[in-house]
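Chain naming follows the written order as A, B, C and D, and within any one chain the residues start at number 1.
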């Protein structure tokens, strides 16, 4: 076990050293590098969604196309194909064609190109996941630092609040908030957020995971507060905000950086769950969760609609988790790895 | 001591190297010593001198990936270096037992002390649970534990430090080992308890016929307990010899400095003990010459070459001074 | 001891009160939530609406309504749904609880056994490909959305391979009470169990491995080895037994949350009418009495489960027993 | 779960099937495999309504539904799920004929000896109670029971107390003060002659179907004046309750006091026991019926299972048209749809074929052009809002949307570019329709957005004028087969209540001339005259286009392989007493 030497904050402040070391360690971690590459690849692909939709597939992924047709191998096919049964019961959207230009992953129940929706959905899913994680870490850092540094009553109140939030199942908590906001939008003073605004899922997901992220931050801050250099600084009469800014914050950054990919992974999972329950991203916008939801009704006939976005989620979350592990090893931050469902 | 009989333990050129940051670093460098039956050998040194590592090597407990152990350590004529773990396991606890520094953390916190001693007894022989417990209680009694039956049913945290260490010794002795390695057995205890535990260790030789390898940083403990003493500095032997001789005429400036830092057992403590300036080099930064030279008041040009361990009287000393005829002054030892 | 129990009870009651007031206020602040017209039925006349308003007390001040609702929920236990007229909500929750408990208990059994096996094996073979493989498997488990996994499981077992020997035994979705048909209960739940457990197997095996690796450096592990014990005994009796403490506290939290409704995604996908799904439906329908009943159940259960974990902790860790944690 | 089309589950009203054959719509015949059953077996057995001695008598009919239908109080329950069950348990003075097919639209005498002719221009109705009828607890049914049951409609606050029975003299007082309801002057009974006489304020041609509605079931007079909840009342029909648990299900057995008094109204049952289990989700219900674990399922069949049902279980699937529709009400009191041209534009642009596909295809839905589905007196043929047609030059049927014309009309109306919010339920089908409609509104020149609401909230929300809803998607099912259920209920002045969640005239449409036509039609006791008046009102509404009808739906029934003699009435769907399992 390495012990913290009083020289640690100096190293933390002259941040180039440990960060560069960490970057080198991370660079040697093949798994983490591969994950980073996967994430960049997925991100770029999703950013290119309009290019695919407009120039390759020539389809609008937000418009129902149930009455439309598609040319395939010189044949004109209905996108919604009537089932071949004596009662004329039910229709099935066209299945995967595996051609880039025409419904490579098939159509959903509204005749929309699943591949194009997958890319557009990825934009929303990733945007929400990254923003929610960033917001959550910001909030958690605030709460954790205040609780950990102030201690006493402030800490007790904040910690109890976190405990209460933590006692309610995370998804139920998020669902309750979502149902209310999806119904009426969000009104905070003069600001009104429409119910289909992505800010709503972002804020909700960020909020429900604050206790999760605040806990390690608070622990780290409490340890730092008791450490020699902070005690010394306080003894010298350095004002509190300067200690927080110059001594505590740089030393908490490692914890926050390690939390970032893990929180993003959790946020992505939460987003997909909310959207799956149709209280996340609102139609006609797409996210990977809403596409899985669309695919639920087609699971037995056109499983690709639900399977493809699920695989996308798994790949991204897996990459984020591996990257998080790599970061933790590189920055040598100890903390249990927790995700929850 | 019978000089012809093969020693219980003969260590020759034991070298331990560990990979640190991608290269091998020698932690223990060519350490040799012997231990006879019923003998108590003290290994003294500051933390990081390699004394604990030597002990762990003898127990086969170094399992850091990539560790390299060379040289020879013959225990009852059996080579320990390179011995497979399976074979080590039959030796551990039964032939060689070990006591650790902090009896609080050395016991598994969730089992009673008695359970843990029973476990060792039953690990090395077909003994029923009941018989094991009878022996455990007897051992605890032997170690001077009052009301041993009740203590056996206690959890480690429920016992005082002294009782815990007695229980630890009882556990170590439960299979009548020929060699007992005690790694800083008294460091975590307060002074009066220390004296009792050391007393207990001395009795062991008498009553159980065990040899003891006592590892400590405290010259005072050595003076009270050991037949012979070996001083380690930065993984190398600085000096070794019979305790009385070493204490009376330390041949190495480091030994002398250590002796200066012993608080007197009797009489008033000085306000401030003299201490050795500086700290021992990290194994990776060990200088090519005498490792103690940077801190040594007698350092001179000759120290740029590592001095060999040379006999002088009953002692062996790794210092150029005796060869140069500049012996350190003799001391008056009360032990 | 009695004081501690009392304090805990007080805290719990306070939390319950806070949550219930919050739920109550949020409900009445939501536009379109006024249940009068829904209760009265389609195209009801203004007189009927007025009658319902009086009958359900919607004309009374909110505090009075709150007290009445709490009284009906806890004292007379005859609170009725705003959506399904006349449906008592308390029995509804108690009907759903066994489903959730069955689901979560079975899954917990699976995830505890599997993660202990995986975590211990990985720790024992640290650094080998077995270790890396198991941990990667765990990471994959953590990365799969449970509702998606459930859908794929349904796809395979209910449709694609339902007619093959592999899954022909799988019954249709839904719950079979244990008392009615133990074998049917098992068959109906085994796939949901596994689906729910996958995530937790991943988390727990990784946590356990990390703990076991960390515990290897502890003094008592060295002592245990110095005693000449076999590596397996050292790992299991000393390492694992000590690591169980973290494991149990994690387990308590997760188990409580799942039984308190956190398993709703699994319940939704597998059509199990459990507490989570009931809560979700109640929220979706804005059925205040049912929301209140399920939320209270959930909170009470989380508190009870936490208390049980504390007891288990006492059982597991003698240090805690003596108040020296 | 939320994402299922569950238009029957909550406070929605009765699913009503169309009078197949009356108007002869294409989809009106049973296209299922059981088509021939009725012909083979019906006549011999149904002529006297007896089942004793039939080889098919006996056994247990197993039914399944995802959840219970709420209260067991027949005066209160307003779900199609329990109306179907109550059809074999409770009786009114009159009822709809239990016949397979179009004849089930007719009113026949049930507990009354005969269907009376009204006197006093349709204001006075005199019934005579049959002799020797008994409740399932053995007590005789008396005129006092009848009077108490009618009063109980008001005393317990039945949802239809005002809308159906508010026309009875004295009903106003009852609605104001239910606890002391006597219906003084409106309801007279005479134990000696067993006569029951109703006096109405205004002539009501539809008083009989209202009395045939389950809310007017005859129950013992000593029932409490509050919701019965889960405690069943004694029955008069061929079955009675053994047990009931809203979370588990219901168990029914034969009513030992039942005897056939009118085979058309209440025939005897074939099966000895009926077990009705609750709790399976719809997907699982389908699987269970396919595998023969249940004989029949209540809930809507999930869209993705329709193909499988149609191809592998053809003989077990029965398709019948319903008197139900999806339509788009537009608020005629706020912009942009206070402009008739704007409303007509939406009607022209509506792609009814796409809506059919979104609902599940031609097997389950058909385009709908006016607010009255085919098969009801007052329905009019043809289609005004389709390519190449207009209200004065109606096409024979719907062809295709006319987007060019719609765009022109929007431009002409001066509402182009206005913001329009479309309110939809967040169920899968409604959402997909909503998304489609949003695109359509964009295409014809509006700045449109979709706002989904929880399915339980949306209906109340769009009714309340305080929410200023411009346009929405909703559906509607008739309580009994009459044009009034569509035109007057949905677009009549008396059903517009500003500021209330209960204002089913969602469009807020109130046209004096049209209302006068509808009032005359409701009072017209001559069916032909009534039909003509309804048709005139229908045309006027068609021209004004306050709501856009989209599709009408078919009922899909799935039964087990062993269930024989499939028997379907338009009102209450499959009749549990008429099918056999042996």
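To be clear about the criterion, a contact is a pair of C-beta atoms (placed from the backbone, for glycine too) under 8 Å apart; a residue touches a chain by one contact, two chains touch by 3 or more.
The structure displayed is predicted, hence computed values, not measured ones.
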Selected pair, greater C-beta contact count between C-D and B-C: C-D
Length of the line joining the C-alpha centres of subunit B and subunit C, rounded to whole Å: 54
Distance between the centres, which are taken as Cα means, of subunit D and subunit B, whole angstrom: 94
Subunit C and subunit D, separation of their C-alpha mean positions in angstrom: 40
Chain centre separation in whole Å, for subunit D relative to subunit A (CA means): 46
Touching two or more other chains - residue numbers and ranges from subunit D: 2, 453-454, 457
Shared-contact residues (touching 2 or more other chains) in subunit A: 179, 183, 277, 296, 299-300
Complete list of chain pairs which touch one another: A-C, A-D, B-C, C-D
Footprint of subunit A on subunit C - complex, ascending: 15, 18-19, 26, 30-32, 139-140, 142-149, 151-152, 154-155, 158-159, 196, 199-200, 202-203, 206-207, 210, 217, 246, 250, 253-254, 256-258, 260-262, 264-265, 268, 276, 279-280, 283-284, 286, 298-299, 302-303, 306
Residue ranges of subunit D touching subunit C (in the complex, touch as defined): 1-2, 10-13, 67-73, 76-78, 157-163, 166, 175-176, 178, 227-230, 246-248, 279-281, 283-284, 287-288, 291, 293, 453-461, 463-464, 467, 489, 495, 497, 500-502, 504
Residues on subunit A engaged by subunit D in the complex (per definition of touch): 62-64, 66-67, 80, 82-92, 109-110, 179, 182-183, 195-196, 277-278, 282-284, 293, 296-301
Residues of subunit A touching subunit C in the complex: 1, 164, 166-172, 175-176, 179-180, 183-184, 265, 269, 272-273, 276-277, 292, 295-296, 299-300, 303, 306-307, 310, 313-314, 317-318, 321-322, 325, 336-341
Residues of subunit D defined as touching subunit A within the complex: 2-3, 31-32, 302-311, 314, 317, 319, 351, 353-354, 357-358, 360-364, 426, 428, 431-432, 434-436, 438-439, 449-454, 457, 556
